[in-house]
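All chains are identified by letter, namely A, B, C, D, E and F, in their written order; residue positions are counted from 1 within each chain.
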Amino acid sequence: MLKTNIQTFIGCEADYRDATHVLYGVPFDGTTSYRPGTRFGPSAVRAESFGLETYSPYQDKDLTDYAVFDSGDLELPFGNPVRVLEAIEARATTILDDGKFPFMVGGEHLVTLGAVRAAFKKHPDLHMIHFDAHTDLRDDYLGEKLSHATVLRRCHDLLGDQKIYHFGIRSGDRPEFKWADEGHTTLQKFNFDGLAQALQAIGNKPVYFTIDLDVLDPSEFPGTGTPEAGGVTFTALIDALIAVSKQANVVACDVNELAPIYDPSGRSTALAGKVIREFLIALQK
Amino acid sequence: MLKTNIQTFIGCEADYRDATHVLYGVPFDGTTSYRPGTRFGPSAVRAESFGLETYSPYQDKDLTDYAVFDSGDLELPFGNPVRVLEAIEARATTILDDGKFPFMVGGEHLVTLGAVRAAFKKHPDLHMIHFDAHTDLRDDYLGEKLSHATVLRRCHDLLGDQKIYHFGIRSGDRPEFKWADEGHTTLQKFNFDGLAQALQAIGNKPVYFTIDLDVLDPSEFPGTGTPEAGGVTFTALIDALIAVSKQANVVACDVNELAPIYDPSGRSTALAGKVIREFLIALQK
Amino acid sequence: MLKTNIQTFIGCEADYRDATHVLYGVPFDGTTSYRPGTRFGPSAVRAESFGLETYSPYQDKDLTDYAVFDSGDLELPFGNPVRVLEAIEARATTILDDGKFPFMVGGEHLVTLGAVRAAFKKHPDLHMIHFDAHTDLRDDYLGEKLSHATVLRRCHDLLGDQKIYHFGIRSGDRPEFKWADEGHTTLQKFNFDGLAQALQAIGNKPVYFTIDLDVLDPSEFPGTGTPEAGGVTFTALIDALIAVSKQANVVACDVNELAPIYDPSGRSTALAGKVIREFLIALQK
Amino acid sequence: MLKTNIQTFIGCEADYRDATHVLYGVPFDGTTSYRPGTRFGPSAVRAESFGLETYSPYQDKDLTDYAVFDSGDLELPFGNPVRVLEAIEARATTILDDGKFPFMVGGEHLVTLGAVRAAFKKHPDLHMIHFDAHTDLRDDYLGEKLSHATVLRRCHDLLGDQKIYHFGIRSGDRPEFKWADEGHTTLQKFNFDGLAQALQAIGNKPVYFTIDLDVLDPSEFPGTGTPEAGGVTFTALIDALIAVSKQANVVACDVNELAPIYDPSGRSTALAGKVIREFLIALQK
Amino acid sequence: MLKTNIQTFIGCEADYRDATHVLYGVPFDGTTSYRPGTRFGPSAVRAESFGLETYSPYQDKDLTDYAVFDSGDLELPFGNPVRVLEAIEARATTILDDGKFPFMVGGEHLVTLGAVRAAFKKHPDLHMIHFDAHTDLRDDYLGEKLSHATVLRRCHDLLGDQKIYHFGIRSGDRPEFKWADEGHTTLQKFNFDGLAQALQAIGNKPVYFTIDLDVLDPSEFPGTGTPEAGGVTFTALIDALIAVSKQANVVACDVNELAPIYDPSGRSTALAGKVIREFLIALQK
Amino acid sequence: MLKTNIQTFIGCEADYRDATHVLYGVPFDGTTSYRPGTRFGPSAVRAESFGLETYSPYQDKDLTDYAVFDSGDLELPFGNPVRVLEAIEARATTILDDGKFPFMVGGEHLVTLGAVRAAFKKHPDLHMIHFDAHTDLRDDYLGEKLSHATVLRRCHDLLGDQKIYHFGIRSGDRPEFKWADEGHTTLQKFNFDGLAQALQAIGNKPVYFTIDLDVLDPSEFPGTGTPEAGGVTFTALIDALIAVSKQANVVACDVNELAPIYDPSGRSTALAGKVIREFLIALQK
């Protein structure tokens, strides 16, 4: 009998019961203030993943050796970030409650807040490692508290001082950099210098790991809404994410801000697929 | 002494005090459920207008014969449609209170609701003429009351039965068409048939006139988020908008849903500029 | 428990057992001699269909009233048209043997041959109705017998003289037009004139109905490899396909030659989705 | 022995000595005031022509039945329109002196002036038939006498009153339309109405026939720098160009303003190729 | 009262009287021999600048701390480079005469000549620092003396031997490299090696500093007409421009050759905006 | 007398008899399993080459100092890889038999097999140097032996163990890497490390040198069907290809996998043109 058309990220075809890691897409960009389009990130990377191999020459492992389940994308009400964050928190909570690892694919960066809330409920001592071109530390954006530009500040509201480590930052308002420098968070400009120290400082504490793909140089990753020249290379990102995944006690994570429409070559989506593949493999213990 | 860089829609350089008509842009697409990008409509059409002539060979008149002021774009908080609509209503109210005609350039179609609220306050017997490919008559969209897909229903909440005339409609859910047919509104599928009768029925009552540019066939206007094959031609649209502008008592209006990014040829933006030029000329008494 | 990610053409979610019509995609463009890309047609139209409504304002019916199953895309060996055609024939045969209607989405036009072979086995008196910009009647193309440019000639090899009716043709070599005129097939240039007579002539005999979407004018359907100016409108196509579907004894069909990459506006894919929706509804008895 | 790579417009492979018609490309857009790119028109249409058939189903004739030579593109000094026009005039004069018909492919519309000068030297009673969206009748453009926007005015300087017939015009400054109306030229807005009368009035006098492809609706021909909504269809253009070519004494001609870069679908270039094919066939006596 | 729509480069909103630095755009590409489009550079970078922050994490300073005025774009007659250069010279002279610093945004590289002429009138001992992929040292280009390909040679005509220092050069004809090597100018291939020595050699003499953005690698800056693989990185460019701005006596400058149309991702324009921001900050004493 | 339009790669205008090196294009991508389009590589790079200089600042030599002939593109039957390979082998054999060096421009990577067959007939001890992102070592691809994904395995069938050296590889199935590691070939992941040793090991034995341009990082070369992040730089590639060309006994070569359509900036084609220029110069003894 003919089968219905199932579409998962490549190599993520485990049964939910067996799965240790669970992918979910959050196609939301409703607070994006500049160029929207990250809503198409999850479906694009899933479709494009069929051009990828499951084997990683970087880690000499194969994604098919592990049990990952792709639970598809959330259906979300545009125009209401409050409800969107509730839906994300619910999905992440379900996955955590089932003893699995929630791996979110955004969407704009605000989506991180929903997943951090879920992880924070489980892990009150939650820390964050944050790769990004942008500080995302404004207290509000045109009066709005919930925005892609405020998301790390909202996470800080929850986690408190000295819990968040930023890397790769090269854009933001002066007060955001100042606020971080006042000891609220640890901010590394431009690159991953200091990552080893951060990992040592964090030790075995639970970590939420969020990767805004615009941390990459726009030459390698043009498919994003706010490209910032002077970013890190793909190779540096892979090295850094493997280091974090292997050394830290990562309890949940996300990869976000792929906006496929700005890259007609498709290579940004292909690259995001590789990041997800390497990330999923690196997270396996 | 060198002058600062002023950018207005071509031919709209009147002093505000002298102006009879006032343009304002609303770069918002925060509830767009499918492909976003209408936020760039107002600035794109303003920039592109410099490729236009001010003279209309259709009406044999010149935009420079009239006094139009371009008040630029509103700055809007993405992620909060309630506040966006308040800002629009405030701008339209200011213009109306100053005895001028508010001419809005969207943005997604939800923005119409803000301007209709302002016009309705002045004109309790307000009617609407609505050119669109879509019904926009859902009562909610994924639970949200404020959405591009519900905007005409929200206008109906305000205006009541038998006040709204739709033309060109060719897409919507079955219940939306049924609801209209039950006598709430007057809906013409596919084209402008019945426009003369509608104008006669409305007579001299105040009219809010909203043009969703996706009423046009996507062959002529690909630059929109939800292209619907089988639309009207530019020539038919110009004829219809001149008829409404000349014969009805239009008290406020808008042109919306230009999403320039989906049309690399730029012709959608150029066409929208012509629609605005013809519209501004036709509205002159 | 979270569900896996199923992706079907919108409204085609019936159980296979219940389904009367079965969709299948054939992502093949291996003999395309000019601009390739129709391999991405089936997946693109499936993904884009979520921007469509299931309700048809043309036929005032809803796709969800019927039982259609989407069996996904075939996996095909590029570089070997012989094996590709065998795979298509096998899929169509399975569907026909299960008493269902096979509805193929291409892919380049050569794919039609595989499905015609399956239908011909069941229906030795098979006729064809063919909408296209191109004759596709060459006997070989650079020495190859199996080609998008020879597919109707290969169908004629099977069906014989006076069985094939072409409409909308506006491109081909002089000998192709001559060959048709010698009485082998019935060829209508440019439009659908003579369709009523053809339907009358065919009567109740079994019909394979193939629509090459490039029969449409490239203004409405730019997303195809060989755009030919001077084509039919979407409205004319919908009228014609409803006429054939309602009046003829259609036993199998296909829609092909969507190449999404050549249309960054996405409207070609959206239009193809509407054609499929209207087609599926019209085929219901 | 291997042959070098010759590239001509399809079917234009006659020996120069035998040729009755001679193609030449003028890749110039140096006075284009808005969006440049017509410099790539000639090479693009030549390359794209290999996707065309040489057979015309419109005229039931084949380009290969005639003797046409493609002499390639002129090499031109950007930044110096005076020298560019001299080069064009020289090429057209050579072709005319050899008793052949010069068929120019632009480039921006200014190039027409060079060829008109050559034709006027041979035919002092030269008339012009001009298909265009734009009047091109300004006396100067920002002080410059030689411009795409003044080209027909410069031709009028040469030919005098009542010699030029414009069709399809839908854009220009008010004074341009007025100047034409004062009896200098005969201007038909929007379409080809009055073409039969014009052909009758011109009778057997020598005609330079210039087609600015932006006379077409931008839906069918987006690949041009200044798209003007509300144009003619491809079918109407073909009919009109066949009428002129067959009935008038055309002594030289051009097709211009293809800017391929604005049309990623490639259909504008394909359409231009068909216009050239139909034009070359229609010009044969 | 509503205000008219002013559009300046972000953070450049000083009153002209107070301003120390004055931006002006020169939207000219009339001698571009290959792919045009730099005419859209100034307006694109101005519009895109609203996606930028005014704060520089590189220099830890904020553009809003300084007084910069944006005087908009010159209106220029295409097809007449002589008059274009006169207009540029006039604008630069006005700014210099008012005791301010002229900061030009091109346009193609020929525009530099106009500003150099103005600076040379004030500073007869003018030197030049030139970042570029191309030599631009031809004596003529197809017989034309004024061309993007000759501009540095024309500057040399004015300034004389040993005054011009080129960096990053990786494309040109053999005679151009030879001519430079004969002692006319100092040419560094591929990168910024030798910049420190050049700055030392120049000392406090007046410097015109011109940056052709195609000195960057096309991977980081695809939005230019003649991309040359093997270029410098954004980070290297920022470091070099800060060094020159801080250490040399720069009296006028320009940034040119952004052609936004070749980069649909928009990142080239965003990068150009950052270069302008960093440049304006670095120039402050 | 006017000349016909000849189009060759820039600087490759020698008479065939005099030529030492002969270019030929193979516009084939018929087995490409993911995104097609390399069929347009040869014609695109030839056309784009006119934006290149013939002088190499890397090698301080000029292509016009050598005798290279461009024999144009093969005409190939899509859908039949067997015949395509025969046609390639025939062309390469002709060139070799005439005592010249065959320089092929692809097309997809499978085309290499045809040229390797020709070279192997002349040089039974043929070795290969292979720059690529992909292993291309599958034994079959969906059951097909002839595929872009199997081409190096097919070459190994011919040449045997220890003859093939791969560099830059970063994508493939696990068994492909294993198979290479078992001693069949020498595979260097990610970069050109070990190239000097390989050249030493090969010594003066005849070498077929194949460059799949996707060995480059997609940031520098997005115009290819399967972009793989983490590639080599243009500068590294130029250095490596000069090293091989100068030190090894290269008897035939190819450059392949340019798919221009995926790079609207055109820089991939420009880069490929530079690679060909540098390659042709480096191959001169």
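The definition used in the following text is that a residue touches a chain if its C-beta (ideal position, glycine included) is under 8 Å from a C-beta of that chain, and two chains touch if they have at least 3 such contacts.
Keep in mind the model is a prediction, meaning the values are calculated, not measured.
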Mind listing the chains that sit against chain A and also against chain F? C, E
I'd like to know which pair from A-F, D-E or C-F copies the B-D interface, where a copy means over half of the contact pairs are the same by residue number. A-F
Counting shared numbers against all numbers at the contact of chain D and chain E, is it over half, same, or under half, different? same
Centroid-based (C-alpha) most distant chain relative to chain A: D
Between chain C and chain D, what is the separation of their C-alpha centroids in Å? 39
Need the CA-centroid distance for the pair chain C / chain E, whole Å please. 55
What parts of chain F, by residue number, touch at least two of the other chains? 217, 219-220, 264
Return all touching chain pairs. A-B, A-C, A-E, A-F, B-C, B-D, B-E, C-D, C-F, D-E, D-F, E-F
Which residues of chain B touch chain A once you look at their complex with the stated criterion? 29-33, 36-37, 39, 75-81, 83, 110, 141-144, 146-147, 261
Any idea which chain C residues touch chain A in the complex? 1-8, 16-17, 22, 24, 43, 46-47, 69-73, 94-95, 264
Chain D residues touching chain C in their complex are 51, 53, 55, 57, 62, 217, 219-220, 234-235, 238, 264-267, 270-271, 274
Can you list the chain E residues touching chain F in their complex? 34-35, 169-174, 177, 189-190, 217-220, 222-223, 226-230, 262-264
